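Each in structure tokens, the structures are laid out below.
Both complexes below contain chain A, partnered by chain B and then by chain C.
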Partner chain A sequence: MSTVKDRLPPLSQLGPFIALAVACTVFGLTTDNFFTAANFSLILQQVMVVGVIAIGQTLIVLTAGIDLSCGMLMALGSIVMTKVAQDFGLPTPLAILLGIGATTLFGLLNGLLVTRIKLPPFIVTLGTMNVAFAITQLYSSAQTVTEVPEGMTWLGNTFELAGNPVAYGVVLMVALYLATWFWLRDTASGRHVYAVGNNPEATRLIGIPTDRVLLGVYVLAGLFYGIASLLSVARTGVGDPNGGQTENLDAITAVVLGGTSLFGGRGVVLGTLAGAIVVGVLRNGLTLMGVSSVYQVLITGILVIVAVTVDQLSRKGGR
Partner chain B sequence: MKFASKLALSALALATTAAFAAGEPVIGLITKTETNPFFVKMKEGAQAEAKKLGAKLMTASGKKDGDTAAQITAIENMVTAGAKTLLITSSGDAILPAVKKAQAKGVQVIALDSPFEGADALFATDNYKAGILIGQYAKAALGSKPAKIAMLDLFPGHPVGAQRHNGFMTGFGLKAHDAKSNELSATPETVCAGDTDGNQAKGQTAMENCLQKNPDINVVYTINEPAAAGAYNALKKAGKDKGVIIVSVDGGCAGVADVGKGVIAATSQQYPLKMAAMGVAAGVEYAKGGKKASGYVDTGVTLIAKNAVAGVDSKDVQTGTDLCWGKK
Partner chain C sequence: MAAPQIVMQARGLVKRYGQVTALDGADFELRAGEILAVIGDNGAGKSSLIKALSGATIPDEGEILLDGRPVHFRNPMEARREGIECCYQDLAVAPAMTIAENLFLGRELRREGVLGNLLRMLDKKKMLEIAVERMADLKVGIRSMTQAVETLSGGQRQCVAVARAAAFARHVVILDEPTAALGVKEGNMVLELIRRVRDKGLPVILISHNMPHVFEIADRIHVARLGRRAAVLNPKRISMSDTVAVMTGAMKPEDIPADCLA
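The block that comes next holds the complex of A and B.
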């Protein structure tokens, strides 16, 4: 049970947390208003959409796959839920379920194409990314949906915790991370995800239904994208057909910064959360410093390469 | 005659051109995207004008802004299919070699909305002027209070983004680069700058971060109306939506509606339909043996504001709604 975990070198697990600590220290020393509870609350709200998308992405990367469609699926989900509420006056919970249902269905489609027709995930999700984008544009006529029922934006509201504002959506994000972490670490079905990513052939031979595990992972990822759709609506107060265009690469960035191996089978989902927060901290801190956004792109790019290098070197060392 | 000899080099081009030569003039419209309401309106304008003047219109687009590969393919295909005039909203300078090749075959190339080098003519909004108008408005609306401005830009290095940004600052009475520069100016009054990609969610994030940097921001420049809606959402959540002046550029129907609701104080409205109609007319003129269009034609920009301010000309929301693009 613990062999996979024992092989994980501490550096790839600690990496995102070290990067986070360094970034926070630098911004804390160079700006006046970085180290405030309100600012951290804000950063967490800014990363909650990508953060939840990245949970789904982590699961898929753990199986040595990749999902390019996640951002577009998020946009599709938010258009479906806001538009059915606006056009047909459906009750809010039903509208939300339809939105999440749409992304989950696409997750199922991704999973079926990967497991039944044995297509590479990269190509499958490249295709479904485009299909989802087109459906989103056609269904919304490329118009932002602005009439959003109040119940759909509730997760964007904040409550006071020891005098500090905390968004309900951020609580949900953290809860989803903890639940996924527990599932992957401490349940048989969670360990199967690692096993499939490590060595699908051996996993199949010892009697684990690899295709079923894979299919489950893609469906579950679709579900997470649907929850991210709701969070996006809650945060912006609209259904935006032009959302989600960079979120696929943003989510992959969070996963890689978080120390999950792109070769599959290794990684901890909590690292992904740290990875997502690192990106948010850089964006926020550099704005506070008045530094051009190009440097944010530069630093993120360098961090990704460092993270992948650490993974590659530790992988060689493990052999 | 040079044109004819070049054509003879390509049997395919000769055949297809000959097939169309006797019929109606063929005009190609290539936009950045198919879905942005701005380009939808542009296509509508071109189709209506083509129908009116008896021209055949072909259309194509990239998948998103920056998708030059799709635009290059479209240029090649349309020239092969016999188009004598191409109307292009360029996604980037990567299309320039393909444009040159088309021109060498006698095709007239007109830039709509976004300028690029080597185009025979440009029919577009004066984005610098669009910026100046909202800058003047913001300055007059703010009055004598010291300005603390957030600049919510597109992304670095985009000419239209720079023109609106620097135009706004000039209109506001701040020192800024001229219309030719691609660099974003900054002065002590512009207390914060952030990128939005012209997108609502990113506009909100940028504004939130700017409010952390300086909670006293009282003027917000935005690259377009979705970014302005995002900025307003951030201000509202921070309880600062009153007393902050948001200005923008575009004049889409959703944006004009936001002006009516007081979300956006003023916006500079531009006219995609007019750009396309003028382009088609120029194409028909050229096909009839007339001259190629040339130079820059300003398709006009109008300041739309709910509350007019002294010393700055503006039109009311009703006028803006009548002329807006997108779904009313």
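The block that comes next holds the complex of A and C.
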């Protein structure tokens, strides 16, 4: 007999929504401006960069990997696209493509090192994180790129929806989440991502080209980081060589909070969106409460540990 | 009496890994409608043999015939296309995925029309229907095909793995240690399932270390030794201890009584 308990998603998948509800209640009670449409619009704009990075991160974590280079690749992409537009006067679409191309290429590099040389993703991306950071600093001479063509910031503009401002970039983020959700849930190649994370050896023996699945995931993640680069330029209006530092950990936090297991093969990408919003709400709410940013870092850190603990315990208990 | 129909055959298979010769001219023969057990000590070459037959490895020399026709598998997918399904020890399933998803992993069905062609959307309903039907066919008593494999007991899980291979095989089912790590009752459940697979008309290659299970279920026993086939034995004539003696080399193949060979 199937009971209600069978039908409920596991705790790890409800986690982000519970955390979101708790955070909203606390901030709603303790601050005046939290529950306003304008504030929620702002939170979503603050979340869109981390949100899109976290899609790529989710894909990699689903294969039981981790990508420490995500934030640095995002910074690299935004420097490349703004700098080639500024220095060579390249047309905006081409400059954007070059920026996204740079992050995708790094994704390919990560993927090749993981699949061909069989290096652990943790070490590979720790390396490429530093390489990307250095290239970003060298290429930009550690200077912020301020001359940004208008076409590059368009996604930061807002339109009115029922009287509330919504950024185009937020719409893009939500669309990317829905597309990825569909892909992972309803197509064979999407299910193979789960299978690889679940039991790579069985998946290979069944005849699924697991290395191709993995490589595809890393390339796709690089593509998402590139789109996040564009969103970052759109949001800040500059190419920032020191960007991506908080995003790096925030993206991983969003994935883990969102209920995707670090052991691979379990998780839903929409949970990551909830996780990203939790991170955004926390940062926003704590700022409204006047809490210093060091405490925000502290709380995010504790949250990750709690989320990972829930993951580990539910995995043991679910046997 | 007509000669038995041979489904799969291998002649003189050689496989070397650096200095190590895993297969040293191994022969193999599988007849229609039988359960052929493959036994052998560690390093006797039984997994290399099975890997060659299932496309997981490419032999350096020798030939493999399927229904008398030479085949050259470069990967497991090509063997599967010929109707050969394999179920590997402990490695057969993705635990967090549902039973239906596991059955169709790597052979998913897409929807008809635009949803399937353009969006490549899966036909989950149809896959579920077929999963229910095939599992009922094999009399695997599991109530819901949409539950995750990890919610099942070890025996049920192994049944899913065996059924995964059996439900789609058209030619040969290869089972690698399907009863290892199972209790008595659960092991029997899997043996019952293997019998039903054979009774459906599919020949089964069963790799096992469990002698009582081999003697309970096998029609013939292929003994691998030192990279070759030492003998093919008839479990109804030879004793378990003599079989082990052949396997370890204590009994020379030429000393086996003729009526014990199969």
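Just so it is clear, the second predicted complex is superposed on the first by the 309 of 319 C-alpha atoms of A that agree within 3 Å, B and C clash if a C-alpha of one lies under 4 Å from a C-alpha of the other, contacts with A are read in each partner's own complex, and residues count from 1 in each chain.
Note that a residue touches a chain if its C-beta (ideal position, glycine included) is under 8 Å from a C-beta of that chain, and two chains touch if they have at least 3 such contacts.
Please read these numbers as outputs of a predicted model, since none were measured by experiment.
K.L.:
Once the shared chain is lined up, is A:205 touching chain B (first), chain C (second), both, or neither of them?
P.N.:
The answer is second: A:205 touches chain C but not chain B.
K.L.:
Give one of first, second, both or neither to describe whether A:23 is in contact with chain B, with chain C, with both, or with none.
P.N.:
It touches nothing on chain B or chain C.
K.L.:
Quick check for you: in the superposed arrangement, does A:146 touch first (chain B), second (chain C), both or neither?
P.N.:
first
K.L.:
Let me test your reading of the model: by the given contact rule, A:257 touches which partner, first (chain B), second (chain C), both or neither?
P.N.:
Neither partner.
K.L.:
For A:265, select first, second, both or neither according to whether it touches chain B, chain C, the two together, or no partner.
P.N.:
Touch partner of A:265: chain C, not chain B.
K.L.:
Considering only touches as defined above, state whether A:52 meets chain B (first), chain C (second), both or neither.
P.N.:
In the superposition, A:52 touches no partner, neither chain B nor chain C.
K.L.:
Classify the contacts of A:191 with the two partner chains as first (chain B alone), second (chain C alone), both, or neither.
P.N.:
Touch partner of A:191: chain C, not chain B.
K.L.:
Please name the chain, chain B or chain C, that touches the greater number of residues in chain A.
P.N.:
B
K.L.:
Please give the residue numbers of chain A that touch chain B in the complex, ascending.
P.N.:
Per the stated touch rule, the residues are 31, 33, 36, 38-39, 42, 45-46, 49, 130, 133, 137, 141-144, 146, 156, 232, 235-238, 240-243, 245-246, 283-284, 287-288, 290, 292-294.
K.L.:
Can you name the residues of chain C that touch chain A in the complex?
P.N.:
56, 75-77, 80, 86, 88, 91-97, 101, 105-106, 108, 110, 119-122, 124, 144, 147, 150
K.L.:
Would you mind writing out the residues of chain B in touch with chain A in their complex?
P.N.:
34-37, 40, 63-64, 155-156, 192-195, 197, 199-201, 204-206, 208-210, 212-213, 226, 229-230, 233, 237, 254, 326-327
K.L.:
Going by the contact rule set out above, which residues of chain A touch chain C in the complex?
P.N.:
Chain A reaches chain C through residues 2, 6, 182, 186-189, 191-192, 194-195, 198-199, 201-203, 205-208, 265-266, 318-319.
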